[in-house]
Each structure stands twice: as C-alpha cells, then as structure tokens.
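Two complexes follow with subunit A in common, the first pairing it with subunit B and the second with subunit C.
Right after this comes the complex of A and B.
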C-alpha cells in the first residue's frame, strides 16, 4: 500500500520531498493510544560491559480535542532515585509545562523546559529523543528505499527547519529508516551540530497492541564512545481510562 | 494475629532505605573528629487505593555522640484519599517555598541547624500534623492543625554578665538550657491555611499561619535584694530564659517560567507581639523576601539558582531608654537569639550544581552570604555513583563566626568541617 502511495506520488509529479513529507506525516500521526501505562527499564552499558539500570513507571494521556499529552514519570531504581517524579504537559503551541518532585527535598518544583538536547538520566537518549519532537520541526527528503535486516524501508533525511530546532534537538541532521509495513521509524542515525554521525537509535522489538504498533525495545549507541543504552517497555496497558487527577501536582509526591 | 496483620501490611508496602557511613573532621581544629557514625534508615511506603503512607526511621550509631545509639523517627504518616480530598495524620516534613536555598514562607517545619550538613530530612525532621487538603486539578486548599510546638534547634547561649550601674552592680543570668516552651495543650496548638494553583506558566501559593515563633525571644525576671527599693535601685539579678512567643504569618510565593528561566518571589510577613517595637526582649514584626531565578545551562549539566534575600524589621530602634540602661542590655541579649541586628538585612543565597554526561559525578555548592555582616555559610559536595544505589561523597561546611544568623552561628559551634560519606541505598 505504501509502495502504491510512493508510486502515485511519483506519477502525479510529486517531488521526493513531498513524498517524504507525506510519509513522515503518517509516521507522526499514526493512530495512538488515548492513555497508556508502562514500566520502563533503561540499561546503560559502558564499553567495558559494565551495566547500570534505571527503572521507571510511566503514565500518559492524550487530550482528544487538543492532541496535547500529559505524562507522569516515576523513578523506581536505582534506590537513591526512588520516588523522584516528573509531570509534563506537552503543548502544541508553547513550551511544555514541567514539574518535578524530589523526595530528598520533599518538595515539588516548577521547571523551565530547557536543555532538551541534554542526556536523559545519563543515558544515550536525549530529552528530545524521549519527547519525540514535532513533525513541523524538520524538512524531509526521501533518499532511497532499502531493506534493513529484511524489513523494507524508506530512508528519509530530516533537516532541522530552523537553528532553534537544531539547538534544542542537538542534531544537524537525522537519517531515518521508516518501516513500510507499519510506519515505525526503526533506525535513526543522528548527526551532531558539527555534522558528524555520532549516535544511532535502533528499534529492536515492536509489538502490536489493540491494532497499534509500538516500539517495545529501543537501543541507542554513542558511536564515538561505544556506550549503549537499551530501553525496554514492559507491563504495557493502554486505554484504561486513566483519571485526569493522576496527571496533577497532587499525584507527583505520592 | 499480630504476625498475620504484619504479613498483610508487608504485602502492601515497599521497604527501602539506606546504610550510610560518615566521618566529619574539624579542619580548623587539628582535624578533630566531630562525628564518626553509621546510620541505617528503614523506609516503608504504602500506596493502595484510598490510602497511602510513608515512614522513615533512622538508627544512628555515632562514636562521638553522648548517646552512642540514637533511634530517630524522621517521618511516619498516613494519608487517606477520598475523591478530591486528602487527610494526612502523623509526623510529616512540610517544606515549602520557591527560594533556591532559603524560603521565607518555609516557616512551619522547624530547622535543626546543628546538622545542616546532613540530608534535608535530618535537619528538617517532621512535625506532627493533621492536614486536610481539597484538590481541583492543580489548585488546592489545605487546612492543618499542629498540636504540639517544635522549635528550631541551635545551641542557645548560657552566660553570666556582671553589669556596673552607678554605685551598684547587677548580674544578668542567661539560661539557654531551660527555654520556655508553649504548654503542650490543644488550646496552644498551631494551624495554617494554604491555597495554591497554577495559571499557565505561573504557580502561586498563599499561606496564613498562626502559632509560635520557631526562634525564641527572651523571658525576663527581675530580682531585688530584700529591702531595696525597685524605684531607686537596679535589680540585683536579671534572669533571662529563651521563650517561644505567639506569632502570625502571612506569606505568598510566585514561580514564573519565562523561556529557560524560572523566576520566583517568596515573601512572608511575620507579626510578633511587639508591634510597636518598644519591648526589648521580643522581636519586632518583619517582612522577609526572596527574589531570584533558577536556570540550567549546557544541556542541563549545570544549574544555578540565585536569590536576593531581604529582611526588613519594622519599628526598629524604638526601645525606650531607661536610666539604668537595662533595656539596651536586654535588647543586646535578645539579638543573640532573634538576629535582628539591622533594620534592613540583605543577603545573597545560591545553589550551584552540576554533573557529568553520564550522571556519575555530581557536584554542588549551596550558601548564604550576609551582605551587611559580611559573613556566610557554604556547603560544598562532590559525589560519585560507584554503582547503582552506591555513592561516595566528600564535602565541606564552612560558616562565618560573627553568628548574626542561625546559619553562621554554626561556625562558632561546629567550626569548619570536612566530611566523607559512603552510602548504599536499597
């Protein structure tokens, strides 16, 4: 089907750029869950093989009217971080609202949504990777079609639309492999602001839940240092009708 | 029966805590060991529909303490949830405020200034509370009753001063070991009302508190020799004791996100019994504000918070003069406890922290510098995450010696301290 769209675009004179825009629009606008709960295990592996483990529990809920998402993340491990929690309201038209609860201080603090290109909890994922970014942040160009480990893919180049996007994402370019079967981005090569390839994220496992594809295991590798992070989602529960008050400051410290 | 009840409880609770070894030495006094302690903390967390709870209990074994083994309950409370309402009963840490290190509105939970180098939960040990809160989204109304007063902790002076007064000499006795506390009755209980909410990029809180001051004033008792005339002679002795007096406080905080900046203001007005400033032994009403920012740099690896703290004393210097000069003397003694040395007391407070990209190394420095007294307090730490839940930390605590604030007073009592800590969290 996707091949037909590509062919149709070609026949009606659409440029590879506009085809790429269509593909990426579908990627960003895949059907998604109204709400979701998951346990996340993040394993940080240094080049010597030493592992450090971070465990989190996360809940998220999308507003069907505005498309904005509320997210609650609670850290379970390591033990010295247990109870630390983030509450994030992702907005379409303005900066996200963020609060975090630090059990050591017994206090909820409001946070400015800065430093998105910074590492998420010392891992190889950046805060921007975790937040997912926006379709509108990038210009897309179809480079080619190729099989990746037997999966037919479109290979799309994404360039930041503005210096601001480049700054907040920390990337000057991304090359994304999009699975033609399910519109999942299965691999991304990230180029730093000096245009050097330095990081690769690969979806190692995906599952279909209630007809919707979901990346279950993702690995990010720092190609310079060899440091890796594997993020695995378990206990995934969707569309349970999570209550709104779960996504409130009240719930942060509980 | 008790065992099965305990088994049921354990099935619904999460156990955790830490084991910590710490060693403190005075770097200004021949590297004298100030503390050599092992602390075991056990934490229990309960989270079930309709009820949650938390307890943290410390068992401290300190070779340098008068009691080598101390059992210290930090917190122990249960919260009952029903719809938008929470009811919390027990001993709980109530820390508030928007300031980076000190928040004027953070008045209710007492401080233990003698252990400022420890975790917050040790220098802000919980206070017994019955707390009712109603929530609507991120807005709330909170009403609380605190049945028993608990003061700030720092060494109170005991001294004896002979004072020449014309042909006579009288003696001032200051007894810091027996402070006068409010009676432990429900009638002397304290209470507060707090409301808060969120409006776009702004969070606000308002607080009204009625209770007792966490810092003491002075109780004074004059003694004349038998046969002497109080109209003609000064007293033979003046006995002073710290006394915790009623206060009323109104406070507000505002946090405002502007781009990468978190801007904040935290202002409290404290009304004391000495509204016109004429009582030498009672502190004057004052307003205390913190105004500053917090922001992160370099991909969140560094962050800095900076506040200008200003305390303005009302009716300052209104104590009436008396022929014997007793009022001036009492006021001088009172200032050692209430720190009202200047009409306007500006300070800077900061908190700087950073980490490496892998979050293995972390460093931080927090402090206050009194711009008038030119003295301060600095706590600096460097830690390394050796493994998951295992950390090593070194640090230092440095404080001024004039003692014009509870923070800098620790320089007199604790000296300049270096410390080492190893901790395993489980």
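Right after this comes the complex of A and C.
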C-alpha cells in the first residue's frame, strides 16, 4: 500500500516538495533488523567538560506482521539504577504501552505517560528523538543539495503537520541532512517552539550490518547551554531470533 | 585671570576650540550603553548576587513571570479551559521562555489500578464533560490549589519560567502584549506580574519620566532665565552652558564606558538644575556692572575678575560632594557621582570660557538690571537680617527647638522598600500583584540553594527529609504561600508507587525493607527520579536539581515583597538552616527579594558613609578657600542642619530610606555649601568694611548675597521639583526631598549662619 503511494507520487511528477516527501519516505522506511541487541553508553558532557556515563542494555524486536516494535531497556550504570528496566510496545495508531521495573521496590508497574518531548534520562536526546518520530508527522521541503563533511546530502526542511506534533516533539522545525548514498539522516538541526535553533544531532559513526546501515554513534548538542550527549552502540547483535518471552511483562524484573 | 584676558582678546578662537573639543568628545556618543538590569547597580562581589548568578548557571531557569486568568464566574468551563490551554501554548512559543506551567499542562502523577501515570492535567478536548471533570478533580485533589487554581475556583494561575539566557525585558514586553490581546479578545481578566514584569514596567515608566523631566526642567530654566534677565543672551548663554555640559557628560560616559542606567538617567535634570547657577551669577554681575562700563571687553573682564574664584570654588565643592557618592558602595551611584562631578566641572569651564567669549563678541546690552526690580525682596531680606541679629537669643532658642523637632523624626525613618507601592494605586501592575498575592502562592520568589556533600547527595533521604522539614517550617509564616522543590516530587512518587496510600506521602527512609531485604533509600529515590524523568515533560527535574544531584533549589513563594516581610522570612529561614540542615554542605538564600534586602541594608551604611565623606571633603575645601579651619565648621554646620531637616521629614512623612533618596544628601551638601561660601565671603567683606559691626554686615549681606542665594535656591528647587511629576512614588519623593533640601540649606544659610557668625565672631572674619 505504501509502495503504491510512493509510486503514485513518483508518477504525478517531481515538484521539489514531492521529491522531499519521497526522500523522507525512503528514510523512514529503510530496511531494518528483525531483532537487535546492543549495549548503549550515553556520555553526558557539561560545557566545562565534566562527564557522566550511563550504560544500558537494550533488546528490540519487530513484529513482521504489524511492523510494530517491542523494546526492553535495562540500566546498568549508574549503580543506583542498576536493574531498573523499561518495556515499551510501540504502536503505530495509538499511545505506546510502557511498563517499568524498579529493583529497589521489587515492583513492576504500568506507566502511562505522554511526555515524548521529555529528555531521555537527562541527556540531550528527547524521547521523541530516540524513537517517537513518524513519517506522517511532518511536511517536507527540499531546500538544497550540499556536501556535509564531503558527503553529498539532501537538505530537507521538516515542518510539523499539526500543532499536536509540535507539542509532542517540542520542535517547530527541523532541518535534516540526508546522506544521498544510504538515506541516513546524518545531521538534524532542531528549532524550539519559539522558532530558535537550539539543538543539533549529528551521526558521528555509521556501520553496515548485514547490508543495513545503522547509526552507531550519535551526538546531540544543546546549543544554548553547550551541554552534549554522545550515545554509542556497542556489542551490536542482530537477527538472532530473540524469543517473544524476553519482551513479556513477567520477564521485566528478571 | 590671564586666561580671561586671552579669551576676551580671542573670542572666536575660543569658540572654535570649544566646538572642536565638543565634537571630539561627542564622537563616541554612539557607544553609550543603556543598562536596564537593576542588579548591575550592585557591587559584583556581593555574595547574594554571586549566588543569584550561580543559580542562573546551574539551573536552566532563574526568573518567573506569574499570570492569572480570572473568569467572571468559574474557571472550570469548556471555554475558559480551552482559552487557558491555547494561551499556555502561545506563551510556550515566546522567545526566551523555558517552560510554562499551567493548569492544563502541569504533569499530574497519579496511581492507577495497574501502575502509575504521569500525564498533563488536560488530556483531551475540554468540551467533553468527562475530560473537564477529570481536569477539575486532578487540579482540586492535589497541591495545585492556591498555585494553579485559586481557592474560589475563579482564577487560573500560570507560571512562565524564563530561560537563563533570556532578555527579561523583551520577554516581559511580549508577554504583556499577549495578555493585553487576550484581555481584549475574551471576557477574562488577565493579570501578569513577577520581577521581570515589574522591572520592565518600571524601566518603561522611568523612560517616559526622563522625557517629562527633561522637557519640564528645560522649560523651568528658560522661564527663570527669561524672568531674571529679560534678554535673549540672558537665556541663551547659561542655557547653552548646561546643555553642552549634558552633552559632554554623555560623551564622557561613552568614552569611559559608564552606561545610561536607572541612576544616570536623572543626570540631565541634576546637571541642568545645578549647572545653571554659574551662568546666572555671571550674567547677574554683568548686568549689575553694566552702568559703569562703556567698553564691552572691560565689562567682561571686570565681571569675571569678581566671579572666577567663587565659580571655581562652588563648582569644586559640588563636584567633590558628588564624588563622595562613589563610596556609597553602589556601582551605579558611583557612576552617577563621577558623571555629575564631571558635568559640573564642564559647566564651570564653559561658564568661565564660553560665556565671556560670547559676551566679548556680542555688543553691549542697552540696559542694566533695574535696581528697582526686586526692591521689595531686598528690603524684606535686609529687614529679616536686622531682626535676626537684634533677637539672636530668641532666634537661637527657636532654631534649637526646630532642630530638636526634626531630630526626633529621624528614628521614625523606615528602611523599607516595596517596589509595587511605587506604582500608582490603579496601575495594572499593582492590581496584578495584589490579585496574585491574594489568590495564589505569591508573586515574590526567594530561592534556597541547597548544596549537598558531593554528587548524588540530593538522592539521600536524610537530606530530602530536612528539605521537607524546611518547607513545613517556612509555611508557618503567613506570608509564605508555597515552597516547591525536589522533596514534594519524591513524596508524591513514593505515594503513587505504594498504591496511593496517603500515609506513604513521605520521603523514603534511609533504609527501606522490601521483601525482607534492606535496600538503601538512596536507590529508591534514584529510581523514582529516573522514572519521573522518563515520563514527564522536559526540564521538570532539571529545574529543581542539577544533573549531578549535588545541588538543589527550593523556591519560596512569598505574598508580599515588603522589605520587612522578606527580612522576617530571611531570619526565620536562616534560623532553620543554621540548626536543622545537618546533611547539607551549605544552604543559602538568594533571588531578587534577597538582593533587594541586601541593597536596603547597604543603603543605611552607604548613606552614612557618603554623607560624612562629602561633609568632610567640603569642609576641607572651605578651609582651603578661607585659609581657616573654623570657616570650615561655619560651612558645614548649617548644612548639617539642613540634613537633619531632611531626615526628620522622611521620618515624619513616612518616606522610606531608599536607594533613590541616597543622592539627596549629596546634592544638599554639594549645592548647599555654595550658599555658605557666598554668604561667608560677602559677610566677611562687609564685616571688615564696618569694622566688625555684625548687624550692619548681616543687613548688607542679606541685601546682596542673601537675595542672590534665595533666588538661586528657588530656581534649583523648582528645577528639582520637576522630578515630582514622576508616576513612581519613590522617584517623586526624591524630587520632593531634593527641593526641600535646597530650601532648607538656603534657610540655614540665611538664618543659622548670620546668627552663628554674629554670636561667635570668629577670627577669620577680620583677617
């Protein structure tokens, strides 16, 4: 169905905007892994250079039928969060389901929250940056083509389709640099709700795993404060047939 | 005198040189900075100010604007809720706004059957009765009442948190224009207050004031000059002197980097009122001597021969009295003092150079001053002088009683400051402040900064419990409306994770036993925080605690910003901090009210210091001028009398000792001493001429200098009275006090001084 729409767009003609829609459609619909495991190291860096490290382990799995993803995140560092875990069922047509486990209370509970624009664990990434975005949220416009650090890119402006998108993402505009060779967004400039540029995310390293490109190191910088966060994926293992049981609520506290 | 000769011989060269110098000095006037931050008035190393700046560095937001939306009836209607929600959204898009906390978007933490939810209070369309009811219950159930909803459910409160990088003035201006348009577009009453708003309105009002003062003082000066001399040159020359001295001073400020600020904006009025005196004296003498000369250059030379010295003398004493402001401890007052001193000296130079040059060019005036013009005044003063000396015993007693009366008023002076009271009664700023003070937690915010012992310290239950106890302690004061901070969040999280049990609305213990296992409370807290951070809107946690958890802030909302209220709460809070914060490294208070408190305390000591210093400097100059130590005392004793009158009046009339009023004493001393010098100078001449006849000397002095002093004082007093036109009470009072000071120094010169001189007959008179 979505292929049809894409084809239709292609046939109707190539106004710059529809070119942008096509590019971004490809970006959002890049082939992805069936399942994945990784260690994530998040380094939060103060403007004066002080670093704080958060480590977590994640597992995710895509339902081949619905395309919806289940994700498990377990904290390892800092020590007082060790064992704290979140389980997220992402849904395309409704709010995600979320559960958490707090080892200190030995409790698993459901979490209803709608704070997607919230900062992810005090980092410079928002929850929206990390996994809340949808192709359908934005209108796209091709601004220009240019080289970014020697990589030929499309530069695309994304404007929220509705006030709700602006509210949930916290962004009034994004400018995205898309690598022409592999459809990876290599840099995004985020504009806050007063339309001021305030954050930049840059892909520092990408790797090809089983033919699929993956952003391995991403850095987000708060341009107001100079605070940075570097998120690095290591120990990446993909398509190893993770059992559904791993993503059950009962398994959260294990 | 050599220079006067040169000037009179080469008037055109003189004018050329002055014009060139004026251009050079004004060339950098474009660099004149405008400084509106009141905090800039403070010395940079003031601990409370440093802490305030540090809060701005460590936390994303420092200042708050409060907005109240008042409905005719109830706020829980679909319309009002929807308007509030849209307005929240609009505010969030204002540049420089960090976050908006409103009744519709505030994060509500609740227990559910399966777990917990952290959601905005309004989750869907408020036209759905179910949604509206949920909102109402959420808001009324928790501690949002009195913070985001008024108790009578008639008003919603919104907190606009400003980014630390925000230009407060710009944000305040934009928010006020938004509240204005909301007010006209809906049936809601809309109010905005908070420090950034008050400072913006104050700056705006003062900006308008300055224009009014400037226009008024110019009109007054022109009127006085026109009435005194009834000639074109009589108006033009002294007027040019003061205008040029203002321009030069601005140029000077641009060169040395002194900004145009809340203090220096009074500079034009000060300079014009003070600087005009030299020109008046010179022209007065010029017309007075007119009859005796047929050569214009000779007339100018004789005029200047008589006046060069007194003009220099009086200008120096005035400049020195203003320089003493530099020791009051406030940067902006120091800058004002230096600038006025500079301006007074420029006025002096121009009076001594420009006026004679012009007079040397202009043809001789047709007429001299009509001796009969103010004959009645001369007679009256001479008669008054005679009576003074004849009844000097009685006069002394009366003066003693008067002094005593005013001295008794001095202890009644209140060192008080309440910004909002400076606005007129019906001003929107005042109504907003009063409404928000009455229905919400309060428009003033004092911030307590809690420094823990190292990173992670703020996760320790022991410290959180102390913060909770601190909050309870503070809430006992009726003026404290609310205290927000990390402790409330932890208590709430603990409650919802324990099935909503009200007993569990508390900080976890240091050791929590779970399923028989002892768990450090610190871990429980850490996990609550992680959970909250993942589920709330951005920046909620960062507002209360640093990312390292080594420092937290508690915001204390206070209903009135009166100095005495803040002082009471400050003392009360510090009592707890000293005795009960065992687990914190350090706890300090800061915020705009705390800074003002410090300012007020400094006002007292600074004022005393600068008064004594300027009295001393003026004393020295008088001693040098008359080459007599006792002359110095005769110079400053009448001034002291005038100062006592001033302070006594402040006590009786309930005028607060404030930053603005600090300038009054220095003006009184700097300008008042001129009268003493003129009087003593003339008195000595007549005293010697009459072989020590004090009665005759007094009458003669009154007849000549006495009239000049009285007219001069009236002119300056009227000049300063223009400041009374200000809409702000403190500024208007300052104008009043300065005007009174001019009159009281003049009265002191014309009564105190002759009686003292005639009773004591000091030796320097006959030297």
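What we mean here is this: the second predicted complex is superposed on the first by the 239 of 254 C-alpha atoms of A that agree within 3 Å, B and C clash if a C-alpha of one lies under 4 Å from a C-alpha of the other, contacts with A are read in each partner's own complex, and residues count from 1 in each chain.
Everything that follows uses one rule, which is that contacts are C-beta pairs under 8 Å (C-beta built on N, C-alpha and C of every residue); 3 or more make two chains touch, one makes a residue touch a chain.
A quick note: this is a predicted structure, and the numbers were derived from the prediction, not measured.
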Answer with clash or fit: subunit B and subunit C placed together on subunit A by superposition.
clash
Using the touch definition from the top, say if A:77 reaches subunit B (first), subunit C (second), both or neither.
first
Is A:42 in contact with subunit B, with subunit C, with both, or with neither (first, second, both, neither)?
neither
Now for A:167: first (subunit B), second (subunit C), both, or neither, which partner does it touch?
second
Please indicate which partner A:194 is in contact with in the superposed arrangement: first for subunit B, second for subunit C, both, or neither.
second
Touching A:97, do we find subunit B (first), subunit C (second), both, or neither?
first
Using the superposition on chain A described above, determine whether A:106 touches subunit B (first), subunit C (second), both, or neither.
both
For A:245, decide between first (touching subunit B), second (touching subunit C), both and neither.
first
Once the structures are superposed on A, label A:230 by its partner contacts, choosing first (subunit B), second (subunit C), both or neither.
neither
May I ask you to decide whether A:86 touches subunit B, subunit C, both, or neither, giving the answer as first, second, both or neither?
second
Shared contact residues on subunit A - subunit B and subunit C:
44, 52, 78, 80, 104-107, 110-115, 117-119, 121-122, 127, 170
Under the touch definition given earlier, write down the residues of subunit C that touch subunit A in their complex.
60, 89, 92-97, 107, 112, 114-120, 123, 163, 165, 456, 459, 497, 512, 514-515, 519-520, 522-524, 526-528, 530-531, 533-542, 547-548
Can you check the complex and tell me which residues of subunit A touch subunit B?
44, 52-53, 77-80, 82-83, 95, 97, 104-107, 110-115, 117-119, 121-122, 127, 170, 227, 244-245, 248-250, 254
Residues of subunit B touching subunit A in the complex
16, 18, 45, 47, 52, 79, 84, 86, 93-96, 119-121, 124, 133, 135, 137-138, 140, 198, 201, 203, 255, 257-262, 294-301, 355, 357-360, 385, 387-389, 391, 423, 425-426
Mind pulling up the subunit A residues that touch subunit C in the complex?
44, 46, 50, 52, 75, 78, 80-81, 84, 86, 99-100, 102-107, 109-115, 117-122, 126-127, 163, 167, 170, 172, 193-196, 224-225
